[in-house]
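In what follows, chain A forms one complex with chain B and a second complex with chain C.
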Partner chain A sequence: MKRRMESYGKMVQLLFMNPVFFIGISLLLVFIMTSMVLILTGAPPFSVYKQIFLGSLSTGSKFGHVIKAWIPLTLCAIGLLYTFRINLWNIGVEGQMIIGAVFCTFIIRLFPNSPYPIMILFLAFFSSMMGGALWALLAGFLKTKGGVNEIFAGLGLNFVAQGLILWLIFGPWKRPGVASMSGTEIIPKGLWLSLIERTAIPPAGLILTFLALFVTYLLLKYTKIGLGLKAIGLNPKASLLFGLKPSLYMLLAMVFGGGLAGFAGCIQVTGVYHRLIPSISSNYGYLALLVVMLSNYDIRLVPIVSFFFSCLNVGSIQLPMVLHIDSSLSGVIQGSLVLTFLALHALHRRLSTPKEIQPS
Partner chain B sequence: MATKPFVKIFFVITLFFLFISGSPALSAQPDQTFTFGLLLVGPMNDHGWSQAHFEAGKYVEEHLKSSKMLYIDKVNPADRPGITIPQLADDMIEKGARLIIANSDDMSDGIIEAATMHPDIYFIHVSGDGALTGKAPKNLSNVMGRMEYGKMMAGFAAAMTTKTGKIAYLGPLINDETRRLTVSCYLGARYAWEHVLKRKPSELQFEVSWIGFWFNIPGVTSDPTQVTGSFFNSGYDVVISGIDTSEASIVANQKRMAKKDVYAIPYDYKNACDGASAVCLGVPYYNWGPSYVDLISQTMKGNLKQQWLWLSPNWQDINNPDTSHVGFIKGPALSDIASKALDLFISDMGTGKIQLFKGPLNYQDGSVFLAPDEVANDKKIWYMEQLLSGMKGQSRVQ
Partner chain C sequence: MIEIIDIHKHYGHVKANNGISMTIKDGSIHAILGENGAGKSTLMKILSGYIHQNSGLIKINDQIVDFSSTSVAATFGIGMLYQDPMDFPQLSVIDNFMIGQAKGIFIKKRTFLNRFYHLSQSLGFSLEPDCLVKTLTVGERQQLEILRLLSLGTQVLILDEPTTGISDLQKDTLFSALTRLTRDGKSIVLVSHKLEDVETLCDTITVLRQGRVSGHMVKPFDTNKLLDLMFETRSSPPGRLVTSQGPVFFSLNQVSAKGGRVGLKNLNLKIHQHDVIGLAGLEGSGQSVFLKVSSGLLPVQSGTICLDNKNIVGKSHVYFQNSGITYLPSSRLEEGLVPGLSITQHVSLSARPKPLIVNHKKALISSRDAIDTFHIKARPDSYVETLSGGNQQRLLLSLLPLKPRLLLLENPTRGLDLSSAYFVWNHLQAFCKTDHTSILFTSSEIDEIMMVSNRILVFYDGKVVLDKKTAETTIHEIGAAIAGKSVHL
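After this line comes the complex of A and B, so read on.
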């Protein structure tokens, strides 16, 4: 009997090690779990899935809006790959995105009528990356010099960034005669990112996002920096023996992460809202954390998972419009999806780790 | 080879959604109904501004049998992060909408952008002035009710009721619209105080506090519940609401349960006194149904021209649901004496006997708003630059 149980166990283990089986069973379980959650909330699961799909991919214009959301979300997620690689939880990504948007707006306000809009946009993008990186460095220094956990530092700095943007919008950058959270004045049209005709897709943002994906892939996989980040992430103490400086690498990871988040903030200003608004980040920073975790920290999966979340974000608008269900239900779908995937990943890791070295 | 599983995931997900979508028709089918879209800034059941618009949409469906409403509520960046007005307009147009109504001043930039992108679709921006200033494209019109009269009635009822002589105004954000509505309240209150109660104007205190938006957004705006509570705790016994939601009545009701003699005047929605009868003096409200029917009928006939409408109450019957664009429902807490005085006040405003936007009136900083005997024209009222002398509170953001 015991031998039979062991052979069953081994068979399950082997099945779980097969990637296709694992993906299939994961999707099935995720489907069952989310459907159960939807049924519990009183929503018809098939109609919900159908509307989300139709609402995100059924026409070119909808697909364009999905890509418009995908760009900043993916940029934030790529940035988080650097920090997760070194085992840092950069919760401050949200604030870094906000500060990037603030720096971007600052440059645009400095040169609103410049005859060289491309140059101003380039300068705005560069400043937003600097802004995001500097904000991330603050959390990095608090971590490396002050011993403050990066999660608390990041959260604190997110609040500060939110306070700063509100102060700017209600104060020095307010519209003439108006104090409203509807944001600053619209930026000049010449400084809007141009869009692919009849879609909301800014080609510049799309190309730069693919470039960021490619460079990050190379950097993390084939360079000394990538190796250093991984080594320190796995064992900071042992890495010292190889002459690596964990503090330096942590700051470097924060700079990369913050820079990309800041850049995403500038895309929101120049390509989406065309002004600075209090919720300029659209919570993409927090969502990017889920994207990276769900991708199992694998850069090849990040764009796919990010695309999936962008579809959820855009498609969920159909829930109130067609089914008259609150669109916050898409958050419930996201949550149950992430939880199920994380549970499956934990199971996968446990089965793939020899019993002798599993924690008790 | 290593990428194979990831490609598979992508295809499996796509196939999965294709399977569950199960519909070959991926776009709206043309039919005979006239579809119009409604973008609501707040919840459709907020007992305030957004609900008034939602019910007007239903009114249109009732009165124009071939019309069908598409709506989405909570259209603001805090409730729907990442969603933009042009995106929602695209979606509604793909579903067959031929006219789209945006119900918030906050949607001004987005609706102008959407109207520019879709020149063959009609757009109505409620409360805006793009058609007046020329900022809007030709397919965008503006509509607004002359709520100034409703607010004068609210101010009148407040002054007739207050025992402390202290009236508070729970303001949303500061702009031309909110300044002129607040000023209208003050003028109505001052008229009752001086001409009906025969009291000195200096004995009337009127203070406004702005929360920062049309409704509470935790962490972003001031909390209207706390602001109202603080007014009542500092001796103000009537709070007039200028925001889209019902916090003023709710807090007043709570204070009444704690035996405090306080009152509230909600805003926007005709049934806003429901559930707060002990404290509600009345509610000035918009009745969007008739103007929506008119604009949509014109669109159906294909002859809607760009216009900027600022619509008055029907002075013969301000609460007529089919003809009056602005009304005032008296609340159960309004005394009989105040009620009779209010009737006379409304009647005299209707005949023109009472004209409150008439000089001499000074701005808060002492500069002249209206010279003696000067009557304000529409533009002067619409673009109210400051609060008036005698009012406490911010006229502009410091």
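After this line comes the complex of A and C, so read on.
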């Protein structure tokens, strides 16, 4: 009897180690869990799923909206890959995105009627990256020089950035005559990211995001930077003996992460809202943390998971209108989904690593 | 009585235990002897329920037992004292003692204090219950752990390399305590590679080699036969290096630093080329602070460190490294290697200068090379945390830079068996012969220092109290200096 139980356990373990089976069973469990949550809240699960699907992928323009959300979300998530590698929790992505958007708006306001909009856009791209990187560096210096935990530093700087953007929108950069939550004046049309016809997809943003994915993949896998980040993340003390400077690499990771977040902020201004609004970051900074964790820190999964979340975000917009349910339900779906996934991840890790510690 | 029957344990391709059978009698001290990687630790971890065997049986008093965890093993009276103490350094001695024993919401501290005093008195230990554990020496922490295990009702006490890193006095205390315990009918299992300890203390010896039992022996022991059972081929011991002393290239002048228990106080030292210098002293007397200061890892408070007559105080550790000063810590997995990275990745990490693009192919070839040359029992893609202690040390050696000028080594042979230690020393001495390298190393074993070094420094209370050529001093003089008895230089 006991032996049979053991072989049964081994079979389950083997099944779980099979990636296809694991992903399949994960999706099924996630589906069951979210449906249960939906039923508990009194919403018909299948109609909700159908509406989310219809709202995100049924037409070209809806798909375009998904891509528009996907670009900044993916950019932030890529940035987080660098910081997670070195074991830093860059919780300040939100603030870095906001500062990126502010820098971008600043440049655009400097040259509102330039004859070379492309040049201005490039300048805006660059300066927004600098802005995000600087904001991240602040947290990085607080960590490496001041010994402040990067989570607190990042969170604090998020509040500062939020305050700064509100002050700008209601103060120096307010629309002539009115100051409102709806944001600053619309930027000149010449500086809008051009869109693919009849969709809302900005090709420039798309191309640059794929470029960032590709470069990051190469950088993390094939260069001394990637290896150094990993080594320091795993054992900073030993890395020092290997001639690596942990604080330098930490700052470098923050610069990469912040730069990409800042660029995401710039995309939000030039490609999505065409002005600075208080909620310019759309909470993508926090959402990106979930994306990266659900991707198991694997860059190949990041764009897929990020796409899924974008669909969820965009698709749930019409839930209140069609099904008369509160729009916060999409948050509930996201939450239950993430929890189920993380539980499955933990299970997977438990099954895939041998229980014992090897002899030392 | 414990019977171990045909135990097998595999880690991937490595057969750590390959059919081990033995019997441990009540009231005896049974030694498990073998070189590094022979499977001793694995067997003991299985016996204590820390890991589970792939196949094989354990019987206690003719009853088959199955240990799914250490707590199950503990209910059968089996307790293990690990090589690295598993305690809570921030807590006091008595708090550590109570952990895992105290049940209920209100802890009856007085009851435990009584039990603690009673037990420690009966074993001849002298521990202060209110001391913080982090202020204790390794030997004292060991005593605490033994007391805790006994109080939990341990009948079979397993000790993994208990004499590593403790003073001779503590060793004597430990041995007499163990002998006393067997008189109460408890069994002791001693895992060691130190022949001398094992021969003086034990009744029975089981020798392991490459995951198998290569022989059993009962008192009296034949040392030569034991050595034959332990090693297939015995490598020759290294002697002292005979080379002419080179010019001074590295010196410390009036260096003081903080760190450890006592710091470093006004140290003056000149180091010549080809020097092999052994640093003796009780653990925490300033030796490791000295090594860290000399490698630029710890800042100095005052004084200068000169390399080629140039003051390099305040430079980064990387600068020290690039000048040819290399430091190897004694805790390999905590400070020396990166768990989670493979051997190949370590080879890439140690490349100097590091090219931007990591050349995986080249690193793979060099790691195969290193594995061959240094007899590392692993594959290039093995993660370092899966290697045995000896193999980790050999890997670290293989990662040393090509022509180091000064090697600062903390316990380079700690936890290694004789043949591994000889290998390490033969390799290190080659540096001195061909590259004018100097070596400074700490060791808790004076025999080792006497064997390989041509100069000895004894640390006491953050100061060097003896600085002599090894040929001009005696074990007696060194011993006195370690205890802080002779203070004239």
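Assume the second predicted complex is superposed on the first by the 357 of 360 C-alpha atoms of A that agree within 3 Å, B and C clash if a C-alpha of one lies under 4 Å from a C-alpha of the other, contacts with A are read in each partner's own complex, and residues count from 1 in each chain.
Methods note: a residue touches a chain if its C-beta (ideal position, glycine included) is under 8 Å from a C-beta of that chain, and two chains touch if they have at least 3 such contacts.
Remember, predicted model here, so these are calculated numbers, not experimental data.
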Touching partner for A:122 - first (chain B), second (chain C), both, neither: neither
First (chain B), second (chain C), both or neither touched by A:210: neither
Partner chain(s) touched by A:241 [first = chain B, second = chain C, both, neither]: second
First (chain B), second (chain C), both or neither touched by A:182: first
Touched partner set for A:222, first chain B, second chain C, both or neither: second
Which partner reaches more residues of chain A (counting touched residues only), chain B or chain C: B
Partner chain(s) touched by A:282 [first = chain B, second = chain C, both, neither]: first
Partner chain in contact with A:231 - chain B first, chain C second, else both or neither: second
Complex interface listing, chain A residues touching chain C: 222-228, 230-231, 234-235, 237-245, 354-360
Residue numbers on chain A that touch chain B, as the complex places them: 19-20, 23-24, 27, 31, 46, 49-50, 52-55, 57-59, 61-62, 65, 68-69, 162, 166, 170-171, 174, 177-182, 186, 200, 272-275, 277-279, 281-284, 300-301, 304, 308, 313-314, 317-318, 320-321, 327
Sites on chain C touched by chain A in the complex: 11, 16, 41-42, 45, 50-52, 83, 297, 316-318, 321-322, 327-329, 333-341, 345-346, 348-350, 352, 354-358, 360, 385-386, 388-389, 392
Parts of chain B lying in touch with chain A, wherever the complex brings them together: 3, 5-6, 8-10, 12-13, 16-18, 20-23, 26-27, 70-74, 77-78, 80-84, 86-88, 90-92, 94-95, 105-106, 108-109, 113, 173-176, 210, 212-213, 217, 219-221, 385, 396-397
